[in-house]
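For reference, the structures are reproduced in the following blocks.
Here chain A shows up in two complexes: once beside chain B, once beside chain C.
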Partner chain A sequence: MLADELRLARFAVLAALALVALPLFLHLPGWVPLVFALLLGRRATLVWQRRPLPHRLWLMLGLLLPIAALWLNLRTLVGREGGVAFLLLLVGGKALETASLRDWRVLLALGFFLAATPLLFDQSPLSALWLLLSLFGLTWAMVLLAGEDARLSPAVTARALLLSFPLMAVLFVVMPRLPGPLWSMPTEQQGATTGLADSMSPGAIGKMIPSREPVFTAEFRGSQPRVSQLYWRVMVFDQFDGTRWTAANLALPRGVEVGASTAALRYDVVAEPFQGYLPMLEQGVAAGEGVVLGYQQKLRRVDAANTARLRYSVQSVASSRYGDALGEREQAFYLQLPADNPRTLQAGQALAQRHPQPAARLQALQLWLAEQGLRYTLNPPTLADNVVDGFLFGSRQGFCEHFSSAFTVLARAAGLPARVVVGFQGGEFNAQGRFWQIRSSDAHAWSEVWVDGSWQRVDATALVAPQRVDAGIDNTLGEVAPRMPLVGGRPPGWAQWVGQQWQLANFSWQRWVVGYDAASQQNLFQKLGLGEVSAANVAKALLGGMALVLLPLAAYVLYGRRVRRSLPQQVWQGLAQRLRRAGLAVAPGDTAGELQAHARRLTEAEQQALAALLQQWQRLQYAPQGGDDAAWRSLWRQVRAFRPAKVGRKR
Partner chain B sequence: MQSITFAYRQLNALILGKPQQTRLALACLLAGGHLLIEDVPGVGKTTLAHSLAAVLGLDYRRVQFTSDLLPADVLGGSVFLPGEGRFEFRPGPVFSQLLLADEINRASPKVQSALLEAMEEHQVSADGATHALPEPFFVIATQNPDGQRGTFPLPESQLDRFLMRVSLGYPPADAELKLLQGGDRRQVMHKLTAALSAADLLQLQQQAASLHVSPALAGYVLALLQATRQPELFLHGLSPRAGLALLAAARAWALLDGRDHVLPEDIKAVFVPVAAHRLTPRLPGSDSSALLLRILGNVALA
Partner chain C sequence: MWRWRKALQQWVLRHTPREAQARLTQRRIYLLPTRFGAIMLVVALAVWVGALNYAVSLAYVLSFWIVALMLLSVLLAYRQLAGLQLQARAVANVFAGDEARFLVHLQWADTQPRRLRLRWYEGDTVLAESTAPGDYALPLAAPYRGQLAMPVLRVWSEAPLGLVRAFSHVRLQAALWVYPQPLADPRELAWQGGEGEAAATEPGGDEFAGLAPWQAGQSLHRIAWRVYARRGSLAAREFASPAAAGGLPSLSWDDYAANMPPEQRLSHLCWHVLQATRAGAGLRLLLPQGEYHVDAGDSEPALLALARFGVHDAGG
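Up next, the complex of A and B:
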């Protein structure tokens, strides 16, 4: 049995485990952490009542049942969810098996392992903060388990953790990275992506609920762009069945031509792929490592199946058009329209007849749309059949999806090849971090029309409602003050400030910690002059880094805690040191007489000088009259002037 | 002061080749403490005790401790006086200025504790009456080293009553040669003359007790005490009483040097005799004295 004073420590271990497992409530089927809590609670009551552990049989039963349930629930015991849930149940079972001190230590070690599992689900700064808290709890329990006094234990824990952080940082920076973040484990199928859906049906409302959830960040090198330049292109919808826009995803092996008349914007983006595509400003001219710029000006990951967050560099020229030589068949493809929406088709065809020149026709189409008395709202009525007709000639209310869809249909009806581009428009500039935060609510859709050999962007929403927002949105979309591109209300100043700080933290976290991958490590190694990330170089960096971190610590332990020496101590130790330097075997505990005995190997003059010094020392230190500060200082000066020559082996 | 130097010289004329031990013995008595001499038989324990009494001019008695000795044999007892019809206390050998308790570890613990109580209290209680012992009062006990047959080792709490424990050891060769050539030491002893009186001794004791101890020196003593309290060296470290004993002994030692203040040298000289018998090494088989010498070598003066 354990000593009774370790009861507190045992409670601490259980409490730390509960703390560690708390975030898993967010990621696992709720009953799994609940069973874990029950197992821990049972163990705690046993400790409290000083009762023995349950029989092994009960334990087996108590563990096999939940595991069976887990199998039925998830159909797996591996992978991210299944594996973590399985581990959690096993740790809970282990708690009911801990008797000896060693067992408790094992349980604690499992706790450290468990503490890392929430990161498999979420790598936000909040998770990191929780991990820190978990580490503190676990270390505290460890300190208590080692028999430390309960009152001293928080300070001891804090110091232990603080001392370990530099080493932690070195290991983080130096240890070889796996390509891609470690936690980009195979996720379950549901993998919902935020903001953008894989199709667009302007009739059915609520596809894009404008939440202020951050989606991605972008950091520009050099000058910052204007908000009106920020058309973040993600997907292209080129097929329309009358109600729904989808992507045909033709993969034509054709590059992109962009007239590079203006200087390119160079920027880095940290984003998760949307349906396999990454945001990029129009018009992209060069893609950095890990991403490919392809057909229809779409940006993909090189490893397309990977859905993890990625940091990549892109160059774009802010331009609303880019050249693309469409063949006959392609032109025909971009003109396809179903027979629905007869009134829209009619209007388009009429405009086509009046304006034979494509460029003039495009202008006429825009003018026509602007004159239809359309109203921008996030809360339009739902539409059933002939949604474009219903919007243009009936409700006349809609948001970007309606506008872009209607204009694209109109353009195709007027004989101009056209398509819908989905992405984000704008963003919020964080002045402290000098980066742009793009939110879900910045999601946007616009049209692209092919005129005279190049694709021309037409933002129909901007045509109609440059800066209008309809009141009454809040009733239906209660989450946060909604904000659509080009128009929008802003939260109050302080909230904005707090929000920006949080964004900054989030951004830095994503950029420096989560985004620290093999490439950035290689980069850092180069900058530090360490060369390739090879085994030898990693070992070198590891040793060097540890020395860098541990030597100051060792110095602190050896010298930092040394009490400031008093003047008599300085005099005495200085004297002994000088004799040692002269080659005499002076022991720490030697008295004045013994020093003099050692000094027989010195020259006559030195011996006399030493005798005088020692006599003074004895008088000041031990005689009834003692010595004042001035006397000590004078003696210290004399000691410093005393420099006996080194003695030979024999004299 | 000259008288004490004279006493010291006389002692060394008798106890050949042991100036350090005789000086310690003298310092022990100057500090008012009791002395334990531990050694194998025949190296001069009794001679030292005897000659100390002679040169210091003290009234001297000797008790040979045996296993059948009774407390009354040492302390004295009440005797019935038929003529007067009452009891009278007849003082035992303890009522002397210097008692030589020879081979104290041969006696039963009962006798040992009776004697040690008298040493501590400087008085004897018998039949409800308290009888004060004379002043000065010293006990010089000799004992054979533990492990010899038929001994009752003194417990630590009683060893603590002795200010010092001194071992004589075999004399150096030249001294022993001189000893072998000379006459019987007991004959020589009879030629000893008292160098000082009991009153002189009391005065010297007072003088020793008034010697200056600077704060720095007290700090050094404290460092030594604390060094003995490292748990890996001894079962228990030195007590504060041992610290006071150390200072008292060092003062007497400094007085023998003719100084008016105590130096670390004095502490170092008396440290092992004062401390060694109060300590039990943690590791069986290791020697207290050796450990203490190591401490002396390592504890810095400042």
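Up next, the complex of A and C:
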């Protein structure tokens, strides 16, 4: 039943499907997209050779095998990976049973659905570019299936996509977003590509410092903070087994008290959760929509299982301490230490005996550490047993993990409840975008010691390498850079500028496209003076926005395709129009002679002017090259200047 | 469902007046999503739900772009029909059982190509696809004798995406006459009587008078195919006029038994008219409504008279 001219359309559908599925090679077990490609390829050869479709039985078999393999491979056919892989195989199978035009159209519609699946894995600008490419491929196939001429089809496709873009943009901005998901997704273990590990043993953070990969951005409202204030708290480790710090994940209801009543910093962060926790400046006092501030001042999503990127607002008071009433049992918990590292324990106990006052003891502990001749480096020697002893009394070289770990052990040994806080310190200010970019290399660890009813931040690294905190990691590493092949030294100025521009683009992308959620929508609505995102306001905005876009669009589509008149025609029509305006009954098809006959009712001077114009018009018409454009334009100006007075109404 | 459809059809037929020339304006252009358009809307909805649930902004982009394409398709499809002017005329009168043809003339003001399709309102086959202004011949079966007026025409377009269909119905002024279906009559009638046994039963038989160049408009039956095969030019066989002498032979409604159904009688008469024309004979056709003189070789008045028998002429 299909006409042969639709052969190209069928190839276009298959090609568009292949294009759509290509990014899935990055996110699915490689063989799944490969099977999909094979199924499409098989269909393409059948179309090419004009052979009939395979029997349903073969198709079933050819589909059941990969699905079984998928089950063995992923142990699931739902969720993000399993579901997408399953869908991909089914669409591949559908390609092998498309016969009628309607079948092909269903396949194409499935292709549109498939185009959404790579977005579940990645929403970078590159993905958006690919989406655009996929949309073009799919729409082109649609245009061909509708029977458009093959030569015209790319232009028709581009036109359709361009003209529909503003409509899409209005819908994107105005259609309401929900703050949470409709149903919760199965939690999936994601590889720790960026971010922090769920435990800390000296060495783990050192491995990620070389990476300058951006991890999150923050945007302050009002005044910008100082770099030394930027302690981005993410996780708290409170259990030590002698080599490794882990989180006990106690969940006690506790608020944050900040004694010093300085003004709170208000800021928005766009970040993905690290092990379920989101970065926030110390000391966080209020969390906005979508996030909740919990025990140990840890911030997490309301829907904790969701690992997607999120934009949230927080308020923090830049302070190095916050009040917290610890019970007896909690104090004991924060003092627990294994019997390893005897020399450190000894040193701590000795200091405790000399300084009975907790505040003075804390001071003494910091002084003691500073006097040990420790050196900050990213390439510390590896330590075996008794890592803290080995660091403090042996190698004396390390980075933030070593410092914070050693100081926390020391404080606990000295009888002060203490814990390790892991997060980021510092960031780079992008002056154009007025936001802070925090990178993997800003990852940091510090200690918190409980003294006199409040947790006091002690950044042991800063005791040894103060510039780490004041100037950021880049400057600290400047001295050690020669020893590290790839890492470290600041890039040259122009590269930094390019980098900042790219960051800005990325930030805007994250902020306005990927991070455009219920909260951003609310903000935008308020900025536009539309008020709350309510049904009535959405309807209003939708109507207004659509009218704004649709009216010019309709005008363009319906009336904009008029053929442009040539210059001679334009001049002639202009002349006829002038005479008509003067009240003469000039018909569209009148000749020059008839125009002059009509013009007998004009004044003498006007008649002469008209005669001159007509003569020139004819001269140009009969000129060898048809008259050049400049001459026609000059005549056009004269015609426009010709304004005969209105002739009297019926006499 | 079927009944509802029938009612809709009746409504459309009732509300489509006959007109000499139709110009499609927004008052008579209807727009509906096609089946494919409906599927695409479902896909957009599914992508939207996914975007909502997984908080994927780019999926919103995809979903809304599909919807935007739909909205744009409404404009583009409407644009295909807007301002279209249609006129029609019948090509020629036909015999019952043959296929009639109507020529539909399409024209529009601008020079942009349009992708239009035409079919009868009560039919499924696409009769014509047009991209340029011009005449398009639409076939229509003519099973019954009488006047055949052009039925309601459906003109539609799904261009350029196939998501939305713009359609309109027009009933154009064009009609033709359907002659009775010729039915062989073995009996010998009065007009064949005295003219010798020549053309008695075998039409165009042996009473062969010579050859003359064949001219367009002459019956194909008169072409001497054997001559054509030999010389490569068309020649018509000329027959001697059997009615050369005396008054015209007459063919009468009353030549048949009174109980013969009128249609069969007309079919027989039609057959005789054709035979006589083929033989180049003049005739007098006597029908209850009047008497018709048929000149030699011109069957048109007689055939028209037969076609109009008992029919009220609607004009056009």
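Points worth noting:
Going forward, the second predicted complex is superposed on the first by the 461 of 651 C-alpha atoms of A that agree within 3 Å, B and C clash if a C-alpha of one lies under 4 Å from a C-alpha of the other, contacts with A are read in each partner's own complex, and residues count from 1 in each chain.
Rule of thumb we're sticking to: contacts are C-beta pairs under 8 Å (C-beta built on N, C-alpha and C of every residue); 3 or more make two chains touch, one makes a residue touch a chain.
Everything numeric in this text was worked out from a predicted model, so none of it was measured.
By the touch criterion defined above, A:172 lies against chain C but remains apart from chain B after alignment on the C-alpha atoms of chain A.
Of the two partner chains placed around the shared chain by superposition, chain C is the only one that A:135 touches, whereas chain B remains out of contact. Of the two partner chains placed by superposition, A:612 touches none, neither chain B nor chain C. More residues of chain A lie in touch with C than with the remaining chain of the pair chain B and chain C.
Of the two partner chains placed by the overlay, only chain C lies in contact with A:148; chain B stays clear of it.
Once the two complexes are overlaid on the shared chain, A:587 sits against chain B while remaining clear of chain C.
Shared-chain residue A:359: touches no atom of chain B or chain C.
Per the touch definition, chain A reaches chain B in the complex via residues 566, 568-569, 571-573, 576, 587-593, 618, 621-624, 626.
Contacts from chain A toward chain C in the complex involve residues 80, 102, 105-106, 109-110, 112-113, 115-116, 119-120, 123, 127-128, 131, 135, 139, 142-143, 145-148, 156, 160-161, 163-168, 171-172, 175, 177-178, 181-183, 185, 306, 308, 513-517, 550, 553-554, 557-558, 561-563.
Within the complex formed with chain A, the chain B residues making contact are 212, 214, 216-217, 260-265, 268, 295-302.
Of all the residues in chain C, the ones that touch chain A in their complex are 35-36, 39-40, 42-44, 46-47, 49-69, 71-73, 75-76, 78-79, 82, 110-112, 115, 129, 158-163.
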